[in-house]
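Below is one structure. I have some questions about it.
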Amino acid sequence: MEEIKVVTIGGGSSYTPELVEGFINRYEELPIKELWLVDIPAGKEKLESVGALAKRMVEKAEVPIEIHLSYNRKEALENADFVTTQIRVGLLEARALDERIPLKYNVIGQETNGPGGLFKGLRTIPVILDICREMERLCPDAWLINFSNPAGMVTEAVLRYSNLTKTVGLCNVPIGMKMGVAEMLGVDSERVYIEFAGLNHMVFGTDVYLDGERITDLVLDKLSNGTGLTMKNIVDLGWQPEFIQALGILPCPYHRYYYQTSEMLEAELQEMNETGTRAEVVKELEGELFELYKDPDLATKPPQLDERGGAYYSDAACRLISSIYNDKGDIQPVNTRNNGAIKSLPYDSAVEVNCVITRSGPKPISVCDLPVAVRGLVQQIKSFERVASEAAVTGNYNQALLAMTINPLVHSDSIAKQMLDEMLEAHQDYLPQFYSTELSLNKD
Amino acid sequence: MEEIKVVTIGGGSSYTPELVEGFINRYEELPIKELWLVDIPAGKEKLESVGALAKRMVEKAEVPIEIHLSYNRKEALENADFVTTQIRVGLLEARALDERIPLKYNVIGQETNGPGGLFKGLRTIPVILDICREMERLCPDAWLINFSNPAGMVTEAVLRYSNLTKTVGLCNVPIGMKMGVAEMLGVDSERVYIEFAGLNHMVFGTDVYLDGERITDLVLDKLSNGTGLTMKNIVDLGWQPEFIQALGILPCPYHRYYYQTSEMLEAELQEMNETGTRAEVVKELEGELFELYKDPDLATKPPQLDERGGAYYSDAACRLISSIYNDKGDIQPVNTRNNGAIKSLPYDSAVEVNCVITRSGPKPISVCDLPVAVRGLVQQIKSFERVASEAAVTGNYNQALLAMTINPLVHSDSIAKQMLDEMLEAHQDYLPQFYSTELSLNKD
Amino acid sequence: MEEIKVVTIGGGSSYTPELVEGFINRYEELPIKELWLVDIPAGKEKLESVGALAKRMVEKAEVPIEIHLSYNRKEALENADFVTTQIRVGLLEARALDERIPLKYNVIGQETNGPGGLFKGLRTIPVILDICREMERLCPDAWLINFSNPAGMVTEAVLRYSNLTKTVGLCNVPIGMKMGVAEMLGVDSERVYIEFAGLNHMVFGTDVYLDGERITDLVLDKLSNGTGLTMKNIVDLGWQPEFIQALGILPCPYHRYYYQTSEMLEAELQEMNETGTRAEVVKELEGELFELYKDPDLATKPPQLDERGGAYYSDAACRLISSIYNDKGDIQPVNTRNNGAIKSLPYDSAVEVNCVITRSGPKPISVCDLPVAVRGLVQQIKSFERVASEAAVTGNYNQALLAMTINPLVHSDSIAKQMLDEMLEAHQDYLPQFYSTELSLNKD
Amino acid sequence: MEEIKVVTIGGGSSYTPELVEGFINRYEELPIKELWLVDIPAGKEKLESVGALAKRMVEKAEVPIEIHLSYNRKEALENADFVTTQIRVGLLEARALDERIPLKYNVIGQETNGPGGLFKGLRTIPVILDICREMERLCPDAWLINFSNPAGMVTEAVLRYSNLTKTVGLCNVPIGMKMGVAEMLGVDSERVYIEFAGLNHMVFGTDVYLDGERITDLVLDKLSNGTGLTMKNIVDLGWQPEFIQALGILPCPYHRYYYQTSEMLEAELQEMNETGTRAEVVKELEGELFELYKDPDLATKPPQLDERGGAYYSDAACRLISSIYNDKGDIQPVNTRNNGAIKSLPYDSAVEVNCVITRSGPKPISVCDLPVAVRGLVQQIKSFERVASEAAVTGNYNQALLAMTINPLVHSDSIAKQMLDEMLEAHQDYLPQFYSTELSLNKD
């Protein structure tokens, strides 16, 4: 790995400048020679705009990273060392449907672990598995760093249905929680260490340390009494203090969908009526970002990008890549094969857990187990991820209905069926595996 | 065990005549010398009525079983061989509150695995653990056959918080499913064998056999297309056929509460308004039964008892006792320690599973595992049972809130808290462990 | 399965008359129409002799079982319902080498779990896997009942390297132990029940019951003080009483090889010098048996066969077949997939354990776990079985050396290599997988 | 932990100067205020000699570490931050008996995982558990760093029979293997990383990396062809190349006792006759060391100490203490609770495995599992450690015999009993738990 080649699939994403900035900042330790930004022809305008900005950024920073734009994935993958994926099949329009259709049935769409996440998975997994197959052939020693959502389900699918072993799933929730705790305590985030365990968007902080001292109880007290950790995209309703005390571990912002379903549903319905769903809000934000990117004088990541919601994602990717490349042996929370780190989850399933990051990849640190109270919900999401992955690969209608029905946000098999049918039709263009001919569903 | 002594705690129950009939029918193989019916003084009228009927029954049947009535539990337990428990702390009035209070918040009460079940457990578990402690002292070799609900949670509590090892939990759902399948197929129930696995009221038929031939698919087809297995106390709304096909195993009637929550809630609200909750319907039925029992000419189990809802319960108990006594080695589904029979559930947790019944108790037969799709829900109920058991033993308010919030029928931590507070107050008389003085809750 | 067809591979074995007797005695419940005795052409003389005796036996017993003799395995397997295997690749001559070569190095050969067993496995497993492949094609619904040794290793290999799922391994050690305990107690063996758990020839009685009462301690006392359970083929040296007391479970006769290695080695060396190895003794016994079989007036199993050492083997097979055919649900110890029955052994490994025998095969009854003291030795034999199976399938020299070296009877990697080389050469004709050409070993 | 207090039990050991040197070298990062060297009155001469040297060392190095000598363990433990134990109950005289008695029976004594180790454990564990109890009371927040052998058995005993949770077992074998590999490759040891997994003195290098690149195969090749990794105290006989290739992982020097038992026994017998057993050789070495220590001009660790055999032990302890104190998060192989890191070993057993070292202790990194071929031997040592620990705590004769008999170096229950009886008598003074009165063994 003398001259590092990084390939970013979905390179036209509005997040790309953060990624470029991350690589620039780390150039000394991570001397990337080529950064390939790859997208589909339909995304040409965005890719060119983002690509031009990227070129201005490396030029201004005076680092010799070559920026390549490409619409030919195979050409780009050849001899890559790291492949990052940040794709959004069907774009924000598809996400808006993932949110709006369930809300018609008084169900939260939830674009990762809810009905919306099911459809995001059905659209995304086949594309990711295609990339895996190409990588096996074109760059068999490369690492796949996936941060396309639903990252947990995608990692599960890659572990289960691909031969690629060098794969990691990445999320910004853990780093967001760490930042949130630091802010809550008024300390520098470097002094905070959180023991993470769970699944993607279903992760817990099982212990929190400040300068190596365990301060979990203090953080739970603050969380009980205040407003807690927030994320740009999730309403904060506060927690019942006694519930948090009894839980004994730090929930992530996404847990609100499951422990406060009724209130979150109401908030989402109201939001939809007032400002549109999150996808629609994000779409507007992205439009503004791309306007900014066009400015030929802009040669740094614009501060507005941090408002976007996925903050830290790309930086987490850069940090991970550098730790692998440099065999750092530092600790980062990633999505990887469990290997016994969480006792009550299957040995071979994808989990989100603190790992030692080495040149041979992430090695999970044992957390023993999650408290008994949360094992059910966590296993339910794992069941959902596994059944959904299988449906994504097989295009089996019944499996898709099963995944929809067992999702904890869905409370009726008949509503599940209605949503499924409406969403299958709405996303038909991106779900070829479910259609033998253009118009007929594969039911068995 | 030359002269068998059976003690029935809660002997004044309307079910007792079925139990007595069961013992009479098995007298040849299970020669009981003494049957002690024990109750609390407040249940005197019922116990005397049922006791008189029991005496007429054994007399008419000409079997030399002595019927003893007692209000002194310790006296009764002395040297017992089998102790059955069929208690209802707080009577049907308490159950009515368990149903009505949650419905005020648009939540299904569900008297075993729902919020109602939580409170039934909080009231019942301390009494059962008292009985266990007395048995350790007064009849250490006796078997405890529990069929007080919530039977799964009670069995978990006995395994975890008592030293009694000779204990079995019993339920009529598996036998009801077997009868239902036999009826569906138009065959004698003796020809049907179902492989059961799961938890109490959360049990699945993982395979079905007719005369030893596997007919699971046929049964699933019938279940998909028809109205399915019914129980007296649970509305049958039919299943989505594709869901059942994808599930691949036979759900129990109680699964409707979780896979059809929305519809079941509506049905319960309507029922409450029209005929009262199930507790209120049952109360009326029981009143009629006790009227019948008073008839001095009645000397057999009246056929109306079969309409009561708990059919087969008492007969299952008699069959179990006989198999233990006679070391039969036959197979019965009971609630017992998992011991690896269901891979994804903890080794030391209570499960409902087919067992070989021997003189040294039930030995679980391995079913490998449940399908991945249902593991989440099953683990969620197991998490609920464990947290609820702990709350029942400790009287810890926060633990009780945790149990309430993680229940799959509850969708909000703040509604959980409101229900909890209202139910704690309503059931105050039966929950001394939660109150340090008469009026103040033990919150920590 | 209207007209039962049973195929016995290795039909010319001296054990066959016991098998035929077993089928005759069970004809009412197990109405076999055709019994095919199959052997290789080299075994013609024996097969014809045994076959003629079998025909006389069924004729005398007046049961309409047709006896077919065949040298064409595929023809025989067509539409079979049950296939039993009792093969001995290389005959007793090979077994004699398995015993004599190790003894030259002061190592016990032990024809199942020792160096001899390694070679028996290397010769036998490929043949059994061939039979499995033929069965998949010619009689996919048939059950394979294997009682060719090393039965544990063979079952492990079938589970791991074949697609056949209807397979059971059988051994006479458990039934021998049951008979031994009955004799020790002076009671009828039907009253004794032993909970078996472990591996083939490495099985323990974890609890013993008489008429349903636990009498394990009594049996251990007797075993400590007396001479214990014996088998025809294993010297009985007595056990150290305190060792047996601390063990707390009943060892099988084969455990002497591991807990009394030094003394057993000396006894075997002496025996070899005085009467020849066990194989040579057996060969003489078999010669006498075949002389008897030739007698045209003999039409029953001669009593001398019971002296042969493998008593009960064939009867156990008949009993097993009948329980499967009749879906009896009775309990028998067999070799099958663990499925959690023994906690500390892999879930998917072959174990020897009590099972409920149904039409869909054996279902293991959970024994929780073996005592910690024996887990090491048991796992060591399991490791040996797995590495040996792999070597048998791959013909890999290094794997074979690994299997030899980790065997608990072998105490040196260099002696292991010397024995391996000498045995590979001696058995060359039966180990084609190890030789790419006639004279050169496949070393990698 | 402002002013660090370290207590070293067995402070009069000849190893102490290495420990003191380690603390001096790390003073900047690990500012120890007080180092208490504690010993029993019988060890006064040694303690004073070593203590005087220690004082000269810190003086010369100009670090303000106060050296305290004490014969009052409780006084020393008060408010300690770290407690290290390097005790040898019965001194080298006892070890010599642990070696000589088994050799009389042609059994290798092996002072950690053999019969000798059993007796070392029986003598040492009660003392360590006493220390644990005192620590719970006098310095409940302190860490116990044990490097008294048998370190694996001792760690198992502390985990199982004490309430102390802050405990780590330490060994110099892993660091010795790392040094050996570095030497073999001719590189600096800092560039080598080995993934360790197994038990104490039964540890494997499951993968080896040079500068982050996996070079396991290269190291195995070198090990196959050359003389391998050596330790001062273990004869190197070379390995069978094909065995090492098939093993696929790096054995530790102690594995020779199990895979080359016959040759090692012969070498030990020869050594005993020529130079005395290892204990006797060490005793002479120690005599020379203590002569050196007396030199009032000596103020550094003398180079001769590195010849002693336990090199790196004390330095490993200093490094571990510093990583805990500084919450370094670096990776070190230690003995700790498994927590799923090695799948086939019990979750709650002590293992030797790479851990992330933090202020809250070592957190095991998952290695998935050991190869199937070695699981048996490893489990056998674990079984031995557990049964031996129980015997050490209970003083139960039968348990001790069980431990002796299941040890893989012992091949006969009757020889086990003879050795046990002779060793119990020889060590009588140090085994009060086995004697109810001075002369009678507690047999049950």
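Order of writing sets the chain letters: A, B, C and D. Residues in each chain are counted from 1.
Everything that follows uses one rule, which is that a contact is a pair of C-beta atoms (placed from the backbone, for glycine too) under 8 Å apart; a residue touches a chain by one contact, two chains touch by 3 or more.
Worth saying up front: this structure is predicted, and the values here are computed from it rather than measured.
Just how far, in Å, is the C-alpha centre of subunit B from the one of subunit A?
Centres of subunit A and subunit B (C-alpha means) sit 44 Å apart.
Taking each residue of subunit A in turn, which ones touch at least two of the other chains?
In subunit A, no residue touches at least two other chains, as defined above.
What kind of graph do the touching chains make: line, ring, star, complete, other?
ring
What are the touching chain pairs in this one?
Applying the touch criterion to every chain pair yields A-B, A-D, B-C, C-D.
For a test of understanding, state which residues of subunit D touch subunit C in their complex under the given definition.
239-240, 242-243, 245-247, 259-263, 344, 346, 372-377, 379-384, 386-387, 396-399, 401-403, 405-406, 408, 411-417, 443-444
Where on subunit B does subunit C make contact in their complex?
Where subunit B meets subunit C, its residues are 193, 207, 209, 211-214, 326-327, 329-331, 339-341, 343, 347, 356, 358-360, 363-366, 368.
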